[in-house]
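Read through the structure below, which is laid out as structure tokens, and then see the notes.
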Amino acid sequence: MQTLADRIKAFCAERDWERFHAPKNLAMALTVEAAELLEIFQWMSEDESRNLTPEKLERAREEIGDVMILLTNLASHLGIDPAEAAQAKMDLNAVKYPADKVRGKSLKYDEYDAR
Amino acid sequence: MQTLADRIKAFCAERDWERFHAPKNLAMALTVEAAELLEIFQWMSEDESRNLTPEKLERAREEIGDVMILLTNLASHLGIDPAEAAQAKMDLNAVKYPADKVRGKSLKYDEYDAR
Amino acid sequence: MQTLADRIKAFCAERDWERFHAPKNLAMALTVEAAELLEIFQWMSEDESRNLTPEKLERAREEIGDVMILLTNLASHLGIDPAEAAQAKMDLNAVKYPADKVRGKSLKYDEYDAR
Amino acid sequence: MQTLADRIKAFCAERDWERFHAPKNLAMALTVEAAELLEIFQWMSEDESRNLTPEKLERAREEIGDVMILLTNLASHLGIDPAEAAQAKMDLNAVKYPADKVRGKSLKYDEYDAR
């Protein structure tokens, strides 16, 4: 299968949409899509979010697809591979959050902000 | 290399963080990370966003990594593969936005909202 | 006291920041501030969010201040008064969500999206 | 006129919605509304965002109303007045960003993040 980044690039080129796709605009669209995904969960309890109805799960799948498309498109414009960037960040996280220091400590955890 | 989803799962299990990771909470954290990525671009012109300084590019790489980690973690909890969800959404987009109807038309494009 | 909108306007004029403040950019900054407010709550339970520590409450106060500043600044550039816009939206909501139809019904409520 | 905070409180009490309105959930809904406002501007140029069509302006007015409602509701649950919080933050900003140091300097400005 065509890689996702290549498929998105061809899709946008064919529609002459590249001129709208400055990284600034794509970052806006990415946040908008993330918020649409968030909207699904906003009035649910945590337990309900662990047990989605088939309808909500399908909606989540579509919004996850949209977030992934925008993230891939933005990263592609910046010459970045999202999966590689994530693996590199996991390397940093392993150093920043040593398991034996943060395990099960909610206070420590509370200070964790994934940055 | 270990897949990203497996690595994140092991990382969180080792730290006993799973109990914090209801999909609702992960969707919140995903949006927070997307907004941190957005923050890089907020006062830039579109042209500046196309020509990031090395410092800004590095910061973008880290934030893209964070967004990818959260998206993968959330999707994993819901039994969804983000890349597959994106390909499925691209199939829908191809039907929804026929190239010969939307090409170069900013009005049509303006109505495009990636949903 | 000077109105908030006037104070923000004078503050930005004095710093020659107006040229950065296109509504597009202010809308980005508003979302970034909203996400910083959201970040406070992301790993808390709902109960914990109802009983903030003094430190978290103070942080929430600052972020609420930032969101209000950005919202007022953006609205001001568009010639809109946020309080009037909210009252007008409440008029619409009163029609859209009749109390005797939506009261205590989580299903109905679930469909409520504040739009 | 009834104050906005009082009106929202009565509106939600009448519908028995209070139990859904933990600050955590309201902060999610606030971010979702901010992103809906952002969506209006995402593919516009900065100049276009300074000259909205009547239709876009009306849509912006509604979304600004929604953001203001959620911000007021969240702040009210935390015992905070948004306008007072904004004035207090402006006091801090006046100290943090002295006009004669940051005026017209895009580099300084670039470091400004409204926090």
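Which chain is which? They are A, B, C and D, in the order written, and residues in each are numbered from 1.
The working rule: a contact is a pair of C-beta atoms (placed from the backbone, for glycine too) under 8 Å apart; a residue touches a chain by one contact, two chains touch by 3 or more.
The model shown is predicted, which means the values in this text are computed figures rather than measured ones.
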Winner on C-beta contact pairs when B-C is weighed against C-D: C-D
Chain centre separation (chain B, chain C; CA means) in Å: 24
Approximate Å spacing (C-alpha centroids) for the pair chain C, chain D: 3
Residues of chain B touching at least two other chains: 20, 25, 28-29, 31-32, 34-36, 38-39, 41, 43, 45-46, 109
Contact graph of the chains (line, ring, star, complete, other): complete
List of chain A residues in touch with chain C within their complex: 28, 31, 35, 39, 43, 45-46, 109-110, 112-113
Chain B residues touching chain A - in the complex, by the definition given at the top: 1, 4, 7-8, 11, 14-17, 20, 22-25, 27-38, 40-41, 44-50, 52, 57, 60-62, 64-72, 74-75, 77-78, 80, 82-83, 85-90, 92-94, 97, 99, 102-104, 109, 114-115
In the complex with chain B, residue positions of chain C that touch it: 20, 25, 28-29, 31-32, 34-36, 38-39, 41-43
